[in-house]
Every structure is written in C-alpha cells, then in structure tokens.
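What follows is a single structure, written as structure tokens, with notes after it.
Chains here go by letter, A, B and C, matching the order in which they are written, and residues are numbered from 1 within each.
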Amino acid sequence: MELILDILLNPVVIALLKIVVIVLVFVAATGTVMTLMERKWMSAVQDRIGPNRANIPFLRDFRGRGALHMAADGLKSIFKEDTVPEGVDLVIFTIAPFFGFISAVVIWAVIPFAAPIGDFTFQITDVNIGILLVFAVTSLGIYGTVLAGWSSNNKFALLGAARGTSQMLSYEIFLGLSLVGVFMVNGSVQVSILVANQNTYWFGDVIPKWGLFTQPLAFVMFFTAMLAEAKRLPFDAPEGESEIIAGYFMEYSGMRYAAFMLAEYIAMVGIAALVTTLFLGGYHVPWLHAEGFQIFGWFMAVPVWLVSALQILAFVGKIIFFCWLIIMVRWTIPRFRFDQIMELGWKKLLPLSLANIVLTALVLLAVDNWNL
Amino acid sequence: MLIAFYIVAALAVASAFNILILRSPVYCALSLVGCFFLLGIIFILLNNEFVAVVQVLIYAGAIMVLFLFVIMLLNLRPDSSPRSLKFGIAKILGIGLTVGILAQLIGVFGSSAAKLGPMGEYSAQRVTEEGSLEIVAELMLTEYVLPFEIISILLMVSIMGAVVLAKKRPPPEEEESQP
Amino acid sequence: MVAEQYIPVLMLLGVALGFGALFTLLGILLGPKRDTAVKKMPFESGLPSTGSGFKRYSVRFYMVALAFLIFDVEIIFFYPWAVKFREFGLYGFVVMSIFFVILVLGLVYDWRKGALEWD
C-alpha cells in the first residue's frame, strides 16, 4: 500500500496523471465535440437543423441529437482509403500532420485549471517562462503547414503552404507584441502569476482586474492574431476551398486528413483556453476567494472542494464561450483576401500593438509614480 | 543530470552529422531544426530557460523556416549526383581543418584549467531562484545597456537592408505567383 | 531543479507525436488500398496535371519571412524589458524609448519604400 502511495506521489507520475486527465480526457474530447458543435452552430446560423441522421438501429434508432456523428465521422475516416499520390515525399508527407498536434497539445502544459490547493497545482507544469514556452511551441507549428505543402507535389498545396507560412509568420509577431503590454502590467510571464494577478480587485472588492479590463487593446489584437495563427476564418486564405481547393493539406486523405482536422479543433480549444487564461482571469470566478464569496462586505463561506469545482466549471464555461465565439466569427465574416490579411497585419496590427506598448508604459509610469 | 546531458548532446551531434550525410536539402533543414531543438534542451539542462526559448523561437521557428522558404522558392531537389570518393584538395583541407579544430577543443576542454574556473556571479542556484528572464532583463538594462542600444541600430540596418536587397527590381510577373 | 519542470513538457510532446502516429497507423492498417493510376495523380480539380508539381512562387512570400525574422529578434528584446518595466520605472522607459524610436525609424523607412504593400 505504501509502495503504491509512493509511486503515486512521484512528481513524474503526478504529471503523467495530469496529462492523461487534461489532454486525453478533456482536450481531445472537447476537440472532438467541437467538430460536431461547429456543424451544429453553423446550421443554427444558417437556419438549418444540422447533422442528426447517424443512429443506432438496435436501440430504436437512437440519434442523440446528432451526437453520434462524432463517432460516425471517426469511423468513416478510419476505413477510408489512405491515398498517397505520385511524386510525394513520403517521409515528410507522413510527419507533417504531427507538427499540428505538437503546437496544439503542448500549449496545455502551462494552462491552470483551478487555483492550487497547498502544493497541488491544477496545472501540468508551472515554468518560469510560461507564455514564452507557448510562443516557442506555436512557432514549431508552422512546419506542419510548410512541410505538408512542400511534400504534396501539388501546385495548389504549394501555394497554400506559401500563403500559410507567410500568414502564420506575420501573425506570430503580432501575437508576441500584443502580449508585451500584459507582461508589463504583471511583471512576469509565468502563467500562475498572470492568473493570480487577475484575481485582485479594483475599488475595494468590485471589479476584478481581468486582462480584458487592464489591456483591452491587447485582448482584441491577441484574439485576432490567434485566429490568424490557427488559420481560422476569416483568415483561412491558406486553405481557401474556393480558390486553392484545400490548400496545403489537399492531397491528404483518410486518417491523415482527420489528423489535420482534429489538430485544428484541439488548437481551437487551446486558443480559447489561452485567451481565457490571459484575459478573462482563467479559472477565476468573480468574487470567489479561497474561503468563499466576498463582495461589499457580504461573505459566504464555501468549502475548498466546492471552490475548486466552481473554478474548473468557470474555466470550462469560459473556454466553451470562446469556442462558440470563434465559430460564430467563422460563420459571420467572409474570408479576407490574402493581401487584406497582410495589410491588416503589417499596417494595422503592428502599429497598433507598438502604440499599445507605449500607452501601457505611460499609464504604468503614471500609476506607479503618482499612486493613482 | 549528467546522463541526460550526454544523451541529448549525442542526439544533437547525431542530427548535426545527419546534415552532412543526407542529400535532400529539406531533410538537411529538418535535421538542423532537430539539432536546434536539442540545443534548446541543453540550455534547459543548464537552467537557462529564456535562452532555451530564444533558441527554439529564433533558430528553429524563424531562421529554419526562412531556410525552408528558400529551398521551396528555388525548388532545390535532392542532389542526385553520385558521391565521389576521390580526395580533392578541398576535402583534404576540410579534413585537416576539422581535425585541427577538434584537437584544439580537446586541448582546451581536456585541461583542468577549463574545468575548474572561478565560480561566476550567476550560479545555477541563483538563476533558478530569480528566473533566467529576470536576470537577463536586469543585465540588459544596467550593465549592458549600451550594447542593447547598439543592437537596435543593427536591427534597423537589417530592416532597411532587407528592403533594399529585395526591392531592387520589381519581381518578374508569373502566372503562378499571383496570390 | 529547473529541468525537472520540463519533463511533463517532453511527455506532452510524446503525447502529441503519439496522436499523429496513431492516426497515421490506423489509416494505413485499417483503410483499404486500391490504387489506380488516376487516383494517384495530383489533384487539380479533375484536370490532368501539367508540368511539375513544384513551381517557383513569388518572392514576396520570402520577403515576409525575412521581415518576420528581424521583428522576431526585436520582440525577444521586449520581453525582458517588459517583465522588469515596473521595477526600473522611468529609467527603463528612457532606455527602451531610444531602442524603440530607432526601430520605428526602420519601420517607417519600410513603410515609405512600400515594403509592407502586398501588391
């Protein structure tokens, strides 16, 4: 018994358990659900019912409001033919989808799900360089695009890869620049500190210092840049189906194609989690402190387990809200032309993010020097 | 910790060696990406997380993407010429130079003087406590503030230089090149 | 130790590669395999492919990558400064202002030269 406890308390084993719970149970599942929700919400926007046909014949045609389509899609992809066209560089063609998973999955290493209880953190690892690690990993995601397009031996795929790489590279800059203001306010890039600082309040106990309120410009720019980085509409020129068919992954079929799709949806959940963590207080429930709710001197004690449960619920709720927002943006705004994407980035986001840094510096100087 | 270093270092050397052996430019570039990533891990083993991130972000995530871009732009195919085993003057010079540098490295790091230098001000302990990013920031803004400002001029020159070099002639219009 | 904090990151990397390998293997093992000559052609909306699949493309894509590289290096200098900004106060602000103005000069030059246009 003690031996089992010893093994369970090993930090590596704890990390492994967190990974299993967070990535395999939560992230992969949410990503899969989002593939269905995208179609459901899309059909709601377009005034249709959406997918609801998949059923189990033995169980009185059980349909589950279309939920079975998730399983049907997966099964269909598995038993599709795995076509590899002629002239393809097979090694690179095979490893290209892996990079999408790397940038989508490793982000979750630093995202906290709830406030730490004692020594136990609801976070896989709390490294000192927090968000910079996310940037480093995101920058590796570009290889998925460039290698898939290059190895496919297809003109459209190559053009898609060229577009995709240019776009992702450009928006990586604005991604980094937009967060400089956040780092200035918090004086750290460590995720646990960024979240903890957002859980303090202005005017006594009323307005939480969420990133959304301290850095509103950064929030808009970061969200935009993240959409472009993930190549979501309206920034999906690299895969624009009406122009270059499917762009860099057009020669992929069967499970290889499914890998690209699932990675995209996992990345979407990751973006939602990152925006939540940086700008919406992460797991923070307004006015809920470690001991209980507290506002205007009114106090209600809440047990520790309930606090954590509420925080996880709040975190998941915020993630789902942002996923919904990303999908709604996709089905509301038409695709930008590629030159428009570049102009938005280099001529609007870049000066704006630089201006945000100057503005933040001036405001912080004023606040720190005159105790505003 | 030392074992981890040896494993990662061996892998890094192996992927660097790959660059010499492989014939396709894209495979070579990918080996170099792997090499840079492993170097990043070595920096983490040295407790310097910030430099590790910079290593991955700049070298693996930016410079190598530029390399791949050039390979794609010029459509470089694998070198299909048969490997020549003849020793030309270039090969003999190259081997001589390599052996010389190796001998010098062994000479420097094999002697006890290099092993036990005086302990620096920034020990691994201190870097762990204060954070590598914070220490870099402090040094950058106090002791090395002049080099820091000079870097901005260097960067400005490279921004301008890139434009001057690339915008010399209007690019030839091809049908495929339309975005 | 710092390095121990990164073991989970490596494990996540393994999970990511595992996802990729699992998907690819499932497709290869369970999917049918009936290659025909037409199926193996590069897909170009049903038309037979002409010429090589590798075409040279516009140098503008390369220029974006070049600009990105320089700005990426630049941002690296912003991070340490941003983290310590509130500690250094006005001094840090002045130091960064010089750095910042020189860089903005370069950016303005690019803008005026039309390097940021995508025409």
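Here is the rule we go by: contacts are C-beta pairs under 8 Å (C-beta built on N, C-alpha and C of every residue); 3 or more make two chains touch, one makes a residue touch a chain.
What you see is a predicted model; the values in this text were computed from it and never measured.
Two chain pairs, B-C and A-C, are compared here, and A-C has more C-beta pairs in contact (counted per touch definition above). A comparison of C-alpha centroids places C closest to the centre of the full protein. For this pair, subunit A with subunit B, the centres built from the Cα atoms lie 30 Å apart.
Measuring from the averaged C-alpha position of subunit A to that of subunit C gives a distance of 16 Å. Shared interface positions of subunit B, defined as residues touching 2 or more other chains, are 49-50, 57, 61-62, 65, 69, 72, 133, 176, 179. In subunit C, 2, 6, 54-55, 57-58, 60-61, 65, 67-68, 72, 79, 83-84, 100, 107, 118 are the positions where the chain touches two or more neighbouring chains simultaneously. Each of residues 127-128, 132-133, 155, 158-159, 162-163, 165, 169, 172, 189, 338-339 in subunit A touches at least two other chains. Residues 2, 4-9, 11-13, 15-17, 19-21, 23-24, 26-28, 30-35, 39-45, 49, 53-55, 57-58, 60-61, 64-65, 67-68, 71-72, 75, 78-79, 82-87, 89-90, 93, 96, 100, 104, 107, 111, 116-119 of subunit C are the ones that touch subunit A when the two sit in their complex. Note for the complex: subunit A touches subunit B at residues 89, 91-92, 127-129, 132-133, 135-136, 139-140, 142-143, 146-147, 150, 155, 158-159, 161-163, 165, 169, 172, 189-190, 338-339.
Residue ranges of subunit A in contact with subunit C, taken from their complex: 11-12, 15-16, 18-19, 23-24, 28, 77-87, 94-95, 97-98, 100-102, 104-106, 108-109, 124-128, 132-133, 152-159, 162-163, 165-166, 169-170, 172-173, 176-177, 180-181, 183-184, 187-189, 245, 250-251, 254-256, 258-259, 262-263, 338-339, 342-343, 346-347, 350, 354, 357-358, 361, 364-365, 368-369.
If you check the complex, the residues on subunit B that touch subunit C are 1, 4, 41, 44-45, 47, 49-50, 54, 57-58, 61-63, 65-66, 69-70, 72-75, 127-128, 133-134, 136-138, 140-141, 145, 148-149, 151-153, 155-160, 162-163, 166-167, 171, 174, 176-179.
Across the interface of their complex, subunit B is touched by residues 1-3, 6, 54-63, 65-70, 72-74, 76-77, 79-81, 83-84, 88, 91-92, 95, 98-100, 102-103, 105-107, 109-110, 113-115, 118 of subunit C.
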